[in-house]
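Listed after this line are the structures, all set down as structure tokens.
Below are two complexes that have chain A in common, paired first with chain B and then with chain C.
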Partner chain A sequence: MSLIGKSPERPDAFDKVTGGKAFPVNVKVPGMLHAKLLRSPYPHARILSIDTSAAEKLAGVKAVLVPSEVPKRKFTPVYFVPANAGSMVQDMLIMSDTVRFAGQPVAAVAATSLRIAEQAIELIEVEYEELPTVFDPEEAMQPGAPQLHDHATNNVAVNPVMGFGDLDKGFAEADHIFEGVYSSHRVHTCYMEPRVCIVDCDRQGNFTVHSSTQHLFGLREKLAFALEIPESKVRVIKSPYIGGGFGGKLDMGYIEPIAALLSRKTGRPVRIEQTRHEDFITTARHPIKVYLKTGVKKDGTFTARHAKSILDTGAHATHGAEVINVHGVFGLLMTYRCPNSKWEGYTVYTNNMIGGGYRGYGSPQACFAAESQIDEICEQLQLDPIEFRRKNAWHAGEPHPMVQGLTLDSYAFDECLQSGAERFGWSKRKKADSGKGTKKRGMGFACQPLWVSGCIGFPDIYEHSGAIIKLNPDGTADLATATMDIGSGQITTLCQIAAAEIGLPMEAVHMVQNSDTTTVPVDAPTHASRATYSSGNAVQAAARTVRERLLMVAGIMLDISPDQLSVVDGKILVKGAPKRSLSVAEVVTRAESPFVQHGANGPAPTTLEEKGTIIGVSSLAPKANPSPVSVEFVEVEVDTETGVVQVLRVVYAHDLGKLIHRNGAEGQVEGGFQQGMGYALMENLQFDPVSGSCLAADFLDYKMPTAVEMPRDIQSIFIESNEPSGPFGAKSLSEPCITVPAPAIANAIYNAIGVRIRELPITPEKILAALGKL
Partner chain B sequence: MKTIELLINGATHEVSIEADETLLQVLRNRLDLTGTKKGCDSGGCGCCSVQVDGKVVYSCMMYAAGAAGKAITTIEGLGSGGTALDPLQQAFIEAGAVQCGYCTCGMIMNASELLATTKNPSEDQIRHAIAGNLCRCTGYTKIVDAIKLAATRTAG
Partner chain C sequence: MALNLEDYFLPASLQEASTLLQRYGDGAMVVAGGTFVHGLEVRGLLTETVALVDISRLGLRGISESGNGGVSLQALTTLAEVGAAPLISRNPAFGSIGDALQYPPRQILNVGTVGGCVAAAAPLYDLPAAFLALDGQVQASLAARQRAIPLNDFFVGLFESALQRGEIITAIELPAPAARSASAFLKLETNANDLSILNVAVRLTLDKDGKCADSRVILGGGVGETYVRATSAEAALRGQTAGEASFAAAAAAVVDDFEAVEDHRASAAYRRHIAQVYVRRTLGTALARLG
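And now, the complex of A and B:
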């Protein structure tokens, strides 16, 4: 246990500071071809003809692929659900002869060099028939709007409606009713490593795949489904490192199946690496417009809440079919208690780029709406915003509001509010717009009062993990899992959990490099804040088996019952007889010995019982879906002459059950704030309103916070409520870190200048306009 | 194709290149020096930062031919080999400044120029020095901590 909560050195850090070899972008395979996609300049069009003859004649071109050659089975590319999941929409083909967004691939070329592939796609002649376009989801829902898919009347891909209680009665009981419209925009996860893949098809049709993915087994399943082949024909190699994901690598792209088909055509490995511009149009957080109406008593008790959310899913439903539900349930319906609630979600097709997964998965959009409106209510009714939230919150021990049969075993919302407010100095907050001078300061906060540590309770979402741990004769352990470390630290935390459970020093546990789908148990993706909790549980279970087996062999060696033994820091200790201790290395060497072991005391026979590799294997789903909660306080300074907002300091309090790796947890909070602040103030993936093409080619066009814009002072408070179902009491951390910054900043801006902005991002232009200066 | 000589990390490499190949492409694709990463290929992220004659450049924005005859330092040239690290590399490990690690090498190459030219830089100087290097994991806090730590050690 002594390792848990400390900050041992990350096992991958040395390699990463000296060159970082093990990224998928570095993989080279002998004989590899390079492919390039030709993308449509039109956002909505029918392909009438494609002439590839000139491209095929170019020296070095080995294959060209066009839509007529791809399998006709439609799929959802989302990794964490079965390919035929009923809650998702199977509306994609690898390539289609109908274009629905600017940038959709319409042909591909594999050549002996990237340069030749780039030249070749320029030689392909495509004749398009342009179709009418629609870019605004509310316009797309109107009768007469261009229809994108035959199956979706008025372009609505899915339309979940949920609720409970009696809404009319609830609003009738309210002393006050508040209504507001809160809208958000499209932002990119900005993983730094581009999406890249190499697919190699052998002559028997077996595919070996390297890819920058957040989910090893999801890629296996989706690729097999799209290619209409058995899953065992696809082997996906685990990349030890992934250069960031944040949800942006949570679905199969166009590149993997296209590379697969080009490899099958040529018999050679095919590599595709996206440019930054291609990455920008591959995945993004969905814009969602939230119409939120809330009834409250004079004292601030919720009586009724109604929300309608319009999500722009772009050309295909993909993640949009699930994001809308997470947004509604964990962002609006279940965050606080309200007896009469109704929520309607609309996932709407447009001719915009396809939305994707992004850390928070619908919650940032909802949290911005809900936490902004709560502050508006408190301001108008002169209520204390902390007390307001406390009054309407859940409490530990209550039934889980969403997952039947579960309870909120650990839930420390009050402690987050209290400790955060104290550390921040919330009591010093002044009335709105009370500052003097042109630069005005303000304080604000926001909460994520219910979140997840995985996906138990979601019917269509995979949620199990596995691990293999094997001890070596030198006393070290090899840990193999399918869990992807996308920068989120699982190489570290899983090694730490294994070391702590077995009783080894941290540096004795090694994460196996280059596992693949044929060698390790299935794991759900690194997403939904689940990896340390769910994969951690699996690793702990495998480690427990290892420890038991280790003690059994040691017991035979020492002629003592295993219950008299313990493992501490690589040593087997005997209760009451410390001098009789053995090292783990001695025990494993014994277990791995031939029938006669030659030691210092001469040859000694070994028994059958002792023999065999000391190994632990697990595959299991966690029993619960415990709820982390978080509260974030920020102080901002608004320049009323320029409209520029600077965040001065941040205090973030989070109930994570039990801290595993302090430094890593702080990194999640600090990195989450960067993404959340970018979302709140500056990031915006913009598109030409006529052509529908993405205006961001690179990071000169797309502004994310640099070290200069970031606040100097970000403090993390970790509340340890000890979750009984988690590894060492842990639950999860990642996503609330990114959910709360935008509303906290919006609330602080209101406190600074007395102006409420309900549309993200809160740019200087919007601030000046709201102040009447533009 | 033409042949040029590049002086990289103290060793001379003779490479045949196309005239328009960038230094980044030559380092990664022809010399397998994969510590230098491509993040955007347009001078906007800093992942490909290397030093040329002691000055940080985005290697995606420099033609390889233009680097001939100059002293190029990449992440592989920092430290003294084996497990002996440059103080910045050591500090990045200790401060926990590494998460996914994709920006790390460029970040270190940039900070290395700062520490070579500025003893005990202020936090503002550090933050402005790395403003051309994007990181999406860390929020920069621990990267700034690491550079401060290395600065303290090298100044003393």
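And now, the complex of A and C:
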């Protein structure tokens, strides 16, 4: 246990700071071709003809691919659901002759160099018939709006409606009713490594795939489905790590199937690397507009809540069909106790880019609405916002509000509120707009009262994890798993869990570098705050098997019952007889040694029972998806002449069950704050209102906070409620860190200057306009 | 948009560089620190370029006094070296330079050059605004010919300068500031990697009664194709006692001096508002620097 909660060095750190040779973008395969996609300049159009003859004649061009050549099976590229999942919408083709957003690929070229491929796509002549466009989801829902897909009347892709109790009765019982519209915008995860892949098709039609992806098995399944081939024909190589994902690499892109088809055509490996501009139009957090109406008693008890959420999914439904549910259920319906609730979600097609996964998966949009409105209620009714939340919150030991059969075994919301408020100095908060001078300070906070550590209980979502751990004769262990390290430290925490469970020093456990879908058990993606919990459980189970086998062999060697033995720091210790200890290396060497061994008295047989590699294998789905909970307090300073907001300090309190890696956990909080603050104040993926084309070429156009804008003081408080179903008591951390900053900052801005901004991002211009200065 | 680069040269002399530039004409581009290249490339603005002429071997580095208090900054001096030079940092007249160098990221400061930031002729850059407020001039060389171009005449359009084909900037010269002069600079940006949404550089020269004998008010960022000299704001200051009232008048006047750009980064109304706030604030800082 001594390793748990410490901060051992990340095994991948050295490699990354010396160039990161294992990033997929750095992989090279002999003989590979380079491909480039030709993308439509129009947001809605029908392709009338494509003339590729000039491109084909260019020296160095090896193949051209056009929509008529791709398989006709529609699919959803989303990874963590089966290809035919009923809750998803199968509305995509690898390439289509109908264009639905500016930037959709309409042709591709593979050539001997990237430069030739770039030149070749400029030689392709495409004749388009432009179609009427719609960019606003509410306009798209109007009768008579341009229709994007035949199957979706009024462009609504999915329309979940859920609720309980009696809404009318609830509003009738309310002393006060609050209504507000809260809207959010499109932001990108800004993973540093671009989407990139190399696909190599052999002569038997077997595909080997390298890709910067968050999910090996998802890519295998989706690629096989889209290509209409058996899954065993696709082998996805696990790269040791990728350069960030944050949910932005949770679906197959256009590049993987296109590279696959070009490879099949040419018989050579084909590499496609996206530019930053292409990455910007590949995935984004969906804009969601939330109409939120809440009834409360005088004392602040909720009596009724009604929410309507309109999600702009862009040209295809993909993640939008799932994000809407997570948003509604975990963001609005179930966060607090309210007896009469109803929520309606609309995932709406528009001629905008396709949305994707992004850390938080619908909850940042909801949390902004819900936690802003709670602040408004407390302000108007003069209620203590901490007490208000406590009154309406769930408590440990209650049934899980969302997943039947589960209990909130560990749930330390009160402690988060209390310890966060104390550390922050919440009691010193002044009344709204009470500062003097041009720069005014304000304090605010927000909560994520219910979240997940994986997806058990969700329809159609995989929750498997697996691990193989094998001991070596030198006393080290190899750990193989399909869980991707997406930058958030999964290699480290999983090695740490294995080391702690077996009883090895941290440095003795190595993550296997190049497993692939043929060698490791099936796994869900690294998403949904699940890896430490779900993969951690699988690793712990495999490690337990290893330890048991290790002790069995040691028991034979020492002629003692295994229950008299323990493994500590690479040594087998005998209860009450420390001098008789063996090293793990000696035990493994013995297990792998020949049956007959030379001893002092000549050759003698050992036992058969002890022979063989000491190995543990697990493949399982966890028992639960326990709920973490978090609270974040921030202090801001607003320049009332320029509207510029600076965040001065942050205190974040989070119940994560058990802290596994302290530095890693703090990194999650700080990175989450950076993304959450960017969402709140500046990040915005913008599009030309007429042509629909993305205005961001690179990070000059897309602004995210740099180290300079970050508050100098971010404190993390980790509450250890000890989750009984988790590895060493752990549950999850990642996503609440990104969910709470926007409403906390919005609430602090209100406290500073007395104006409420309900539309993200809260730019200086909006602040000045709200102050009546613009 | 495909890149068409064919050649890369590292000439050892100005003469050689000029010859190469003349040979390739519009197909050649000078590279000093090279920090401008990526931004052009991703926006498809480099497709005509077939040869890069890297001038980093030409020396042209250092900062020196150019007689009676003026300063000469050689073209390949890095932005960081400018910021660290006592000749600049100790003189309140050059305060705007130190201010402008607060903004670029460290990597850019270490690599970007004085000549490059001026030659780029992008009104979104900061340091040139400060140079304009100080009445700086460009020294340019074409083969054996050397000429001086006042910065006021240097910026012709967006990415367009008064340099002739083959001409290379060798230095930026700042004349000796008049007594009782101070300058200041402010930039509105979204993050530390941003180019100006709007920037303001001012210089204030007071007479012995504390009245404004001379001033410069320069606007950059989203103000059009080139930097703008705000002559109405300068007129509002002339002969007035330097202080809140005259600074407010200058701030009010500045909106007549430029056509604010309206784009996805900011509205024109916001830029006009910020111009006023920043003119007032920079003038206040300059005055404070005069002690």
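Throughout what follows, the second predicted complex is superposed on the first by the 765 of 774 C-alpha atoms of A that agree within 3 Å, B and C clash if a C-alpha of one lies under 4 Å from a C-alpha of the other, contacts with A are read in each partner's own complex, and residues count from 1 in each chain.
As a convention for this text, a contact is a pair of C-beta atoms (placed from the backbone, for glycine too) under 8 Å apart; a residue touches a chain by one contact, two chains touch by 3 or more.
Values in this document were obtained by computation on a predicted structure and should not be read as measured data.
Asker: Of the two partner chains, chain B (first) and chain C (second), which one does A:Arg276 touch, if any: first, second, both, or neither?
Answerer: Touch status of A:Arg276: both partners.
Asker: Is A:Arg115 touching the first partner chain B, the second partner chain C, both, or neither of them?
Answerer: Both partners.
Asker: Just to be sure I read the superposition right, which of the two partners does A:Phe23 touch: chain B = first, chain C = second, or both, or neither?
Answerer: After superposing on A, A:Phe23 lies in contact with chain B but is clear of chain C.
Asker: In the overlay, answer first, second, both or neither for which of chain B and chain C A:Pro764 touches.
Answerer: second
Asker: Touch test for A:Leu774: chain B only (first), chain C only (second), both, or neither?
Answerer: After superposition on chain A, A:Leu774 lies in contact with chain C alone.
Asker: By residue count, is chain A touched more by chain B or by chain C?
Answerer: Of chain B and chain C, more residues of chain A lie in contact with B.
Asker: Please indicate which partner A:Leu700 is in contact with in the superposed arrangement: first for chain B, second for chain C, both, or neither.
Answerer: Both partners.
Asker: Which partner does A:Gly671 contact after superposing on A: first (chain B), second (chain C), both, neither?
Answerer: first
Asker: When the two structures are overlaid on chain A, which partner does A:Glu641 contact: first (chain B), second (chain C), both, or neither?
Answerer: A:Glu641: touches chain C, not chain B.
Asker: Touch test for A:Ser53: chain B only (first), chain C only (second), both, or neither?
Answerer: Neither partner.
Asker: Using the superposition on chain A as set up above, list the residues of chain A that contact both chain B and chain C.
Answerer: 115, 275-276, 697-700, 704, 706-708
Asker: Mind pulling up the chain B residues that touch chain A in the complex?
Answerer: 18, 33-35, 37-45, 47, 75-76, 78-79, 83, 85, 88-89, 92-94, 96, 98-105, 108, 123, 126-128, 130-144
Asker: Please name which positions on chain A make contact with chain C in the complex.
Answerer: Residue positions touching the partner: 115, 118-119, 122, 275-277, 641-642, 644, 682, 686, 695, 697-701, 703-709, 764-765, 768, 773-774.
Asker: Using the touch definition up top, name the residues of chain C that touch chain A in the complex.
Answerer: These residues of chain C touch chain A: 1-3, 38-39, 42-43, 105, 188, 190-195, 264, 266-267, 269-270, 273-274, 277.
Asker: Touching residues of chain A toward chain B in the complex: what are they?
Answerer: Residue positions touching the partner: 7, 9-10, 12-21, 23, 25-26, 115, 189-194, 241-244, 246, 275-276, 485-489, 663-664, 666-667, 669-675, 697-700, 704, 706-708, 710, 712, 714.
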